[in-house]
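Each remark here refers to the structure printed beneath this line.
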Amino acid sequence: MKAVYITRREHFNAAHKLWRPDWSEEKNKEVFGKCSNKNWHGHNYNVFVTVKGVPTDETGFVIDLKDLSQIMKDFIVEPLDHKNLNLDVPFMEGLLASTEILAIKMWEQIEAPIAEAGGELVKIRLEETENNYVEYFGGKDPF
Amino acid sequence: MKAVYITRREHFNAAHKLWRPDWSEEKNKEVFGKCSNKNWHGHNYNVFVTVKGVPTDETGFVIDLKDLSQIMKDFIVEPLDHKNLNLDVPFMEGLLASTEILAIKMWEQIEAPIAEAGGELVKIRLEETENNYVEYFGGKDPF
Amino acid sequence: MKAVYITRREHFNAAHKLWRPDWSEEKNKEVFGKCSNKNWHGHNYNVFVTVKGVPTDETGFVIDLKDLSQIMKDFIVEPLDHKNLNLDVPFMEGLLASTEILAIKMWEQIEAPIAEAGGELVKIRLEETENNYVEYFGGKDPF
Amino acid sequence: MKAVYITRREHFNAAHKLWRPDWSEEKNKEVFGKCSNKNWHGHNYNVFVTVKGVPTDETGFVIDLKDLSQIMKDFIVEPLDHKNLNLDVPFMEGLLASTEILAIKMWEQIEAPIAEAGGELVKIRLEETENNYVEYFGGKDPF
Amino acid sequence: MKAVYITRREHFNAAHKLWRPDWSEEKNKEVFGKCSNKNWHGHNYNVFVTVKGVPTDETGFVIDLKDLSQIMKDFIVEPLDHKNLNLDVPFMEGLLASTEILAIKMWEQIEAPIAEAGGELVKIRLEETENNYVEYFGGKDPF
Amino acid sequence: MKAVYITRREHFNAAHKLWRPDWSEEKNKEVFGKCSNKNWHGHNYNVFVTVKGVPTDETGFVIDLKDLSQIMKDFIVEPLDHKNLNLDVPFMEGLLASTEILAIKMWEQIEAPIAEAGGELVKIRLEETENNYVEYFGGKDPF
């Protein structure tokens, strides 16, 4: 009836590089520039997860933020914080560690747990620096 | 023709608790956790109000920000700033003081005044902390 | 298939006034208030440009941020930074220097270059102060 | 030899009012304005604690940030978060709940635990809103 | 006995240029670069004023923030907001409109009013952009 | 006569780990916790450099910010941005990559170039996350 969108932020610090193992170092450097530095670089990532729903009569909540925070900690922060996105993260194995791909894979991790907690995941916003971020709506096209 | 969305921020500081008077203190504590502290806690709230429209030929404005700011001060800041959301606010009487409910009730306060000023209210974003906020589109579902 | 939205921020510092040359100083003052100060005032503007696309298999990118940043520098920062929006900017000539109009004109500058770089411009967000910003979706109405 | 200053931020949300029980409601209102609202208001407080020291040869640390964070959680966040500064906090009993007094009392709570962890507390910065904060140096006068 | 430092932020939007009338346009351009643009540019300035004192027994305040805010509005915001620093501000007449000079001149405006309100001005911090600011301690040298 | 302090911010993104090669992996893990992850992690670092001086009569500057920014780019950003602090940075060779040590080493890089540009370096503030930063005054003890 009265859909409200609620968003929770968590953050993690990780290393990565933009790098294709099937390309030479020169080719990687040519395409990915300084992001291809072979010894890695890293970021403080902020991730914002948005859940849509109607506030319940019992609690006035769309989803309990304690539950949403716990899901984000279990499925995003725990596997990514103080890790190497190319080497240490099972769900990123064999993938390019771009912000775009990372946001898509995060969606796959948390969509079901959020549904089990009674919420509908509608958006992930992943900030890599204060100057760039990506948004992913599960493949939907809001604008 | 060329819809533009303009947003104004205002802020207020308020006390509240998440608390149902028809529940025991134990039940409130169980469901709402530390947010149920009987002696209250509080927040610095930021509220962002978005108005949609076509800039007029005369002023280049969707809505005069002085008017939008005044409406927000009269209908949101004045009744909420340095107040207790559970005890002091007529439009929250008998309601749970969750961020979700508060955003819905704010909409009801400012939709008509903004329409009278020639604008169309399309979004309220209410930040409770730097780690969580809600968005409300008047019940619409943009994503 | 899997649309992702990527956003880049750039900033510039400019002078402007809200002023119609076909109005008297009194009329300008009456309508535009202190924003009409004849000797100008200015702002630190932040501009966020959002591009939609599907990450390519080759790079994992929607658009190369180096390209997007360069386009924003060439078509927005270069013509606007340390300039007077009313006097120094060819694409603002004869127009009111409101945030709304400026965002619409920015769109016209960067839509084609972004398309040439393989991206689809879907949103410009232009912040004038920490308390107000406009969003423009090329005339579309996402909410 | 090479003194370095390290700072950790934690935050808490609390209710308070500026109120003297030995004054009438009118007198409280006259002196403390809207901050005296009898039903309380509240804030998102940020507290920054600065420790001075020489980085050790073994770790390169002035103090282990895990230890500093734990001390701040035990002695500041735990007693203050989601609490009423006037009613719920033993170390604020009988005191005015101004930002100044709160910063002085925080110092008393954490000076000894930080010394036990091998650090020297030199500054507390307590932010009440984005527009005001206090700094306390244990009574010292750096400027 | 227990000196505490309290800081209040206010902001204003102004136009300026770095320009010496006794130099040619070429010389101004050579020394001041794009900041010398003859048609001006501008900024959103944030100014933080710090007052030192001992909290009074009566109020727990170093200085009443309502008083400090009013002094800043009367002596800084009112003369500078939506103004041209080179043309519209009596206390900047004949001076270079650098951030450094502006901070020094602000000190002269507010030192006496703050003393009259019972406070001791000890620092002005003036932010021109998110990437640069100046601090002035009345000529003192804290570090 | 009238000392003013001017600060410039630059930023860089780097990988690192807290790790002693003369310790076992277990010992590193015990002391440095998750910061010792062998495959690295990383941060968006912000560095603020403060220069003290008297504004010159000619320019009103303590130091030309274009010069200060260039020095920071040449001696801090260039060697550190998109690099591994443990592996790629000559001036960090053989040292623990803690924020404290990094700030001390930065000082050594930029003190002389700033003096050559006519300024006096008095402070480096290095932010590792939004929750922790270090300050270094060249070994001096301002508080």
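Per-chain residue numbering starts at 1, and chain names A, B, C, D, E and F are given in the order in which the chains are listed.
Here is the rule we use: a contact is a pair of C-beta atoms (placed from the backbone, for glycine too) under 8 Å apart; a residue touches a chain by one contact, two chains touch by 3 or more.
Only a predicted model underlies this, so the values are computations on that prediction, with no experimental measurement involved.
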What chains do chain B and chain D have as common neighbours? none
Chain-contact steps, minimal, separating chain E from chain B: 2
Interface check for copies chain E and chain F. Shared numbers divided by all numbers used: above half gives same, below half gives different; which is it? different
Just to confirm, which listed pair, C-E, E-F or B-C, duplicates the contacts seen in B-D for more than half of them? C-E
Distance between chain A and chain C based on Cα centroids, please, to the nearest Å. 28
Taking each chain's centre as the mean of its CA atoms, how far is chain C from chain F in angstrom? 34
Interchain centroid distance [CA atoms averaged], chain C/chain D, Å: 42
Residue ranges of chain B touching at least 2 other chains are 130, 137, 140, 142
Got a list of which chains touch which? A-B, A-C, A-F, B-C, B-D, C-E, D-E, D-F, E-F
Enumerate the contact residues on chain F facing chain A in the complex. 11, 13-16, 34-35, 37, 39-44, 81-84, 87-88, 129-130
Considering only the defined contacts, which chain D positions touch chain F in the complex? 1-10, 50, 52, 55, 59-62, 65-66, 122-123, 137, 140, 142
Could you pull out which chain F residues touch chain D in their complex? 18, 31-33, 95-101, 103-104, 130-137, 139-143
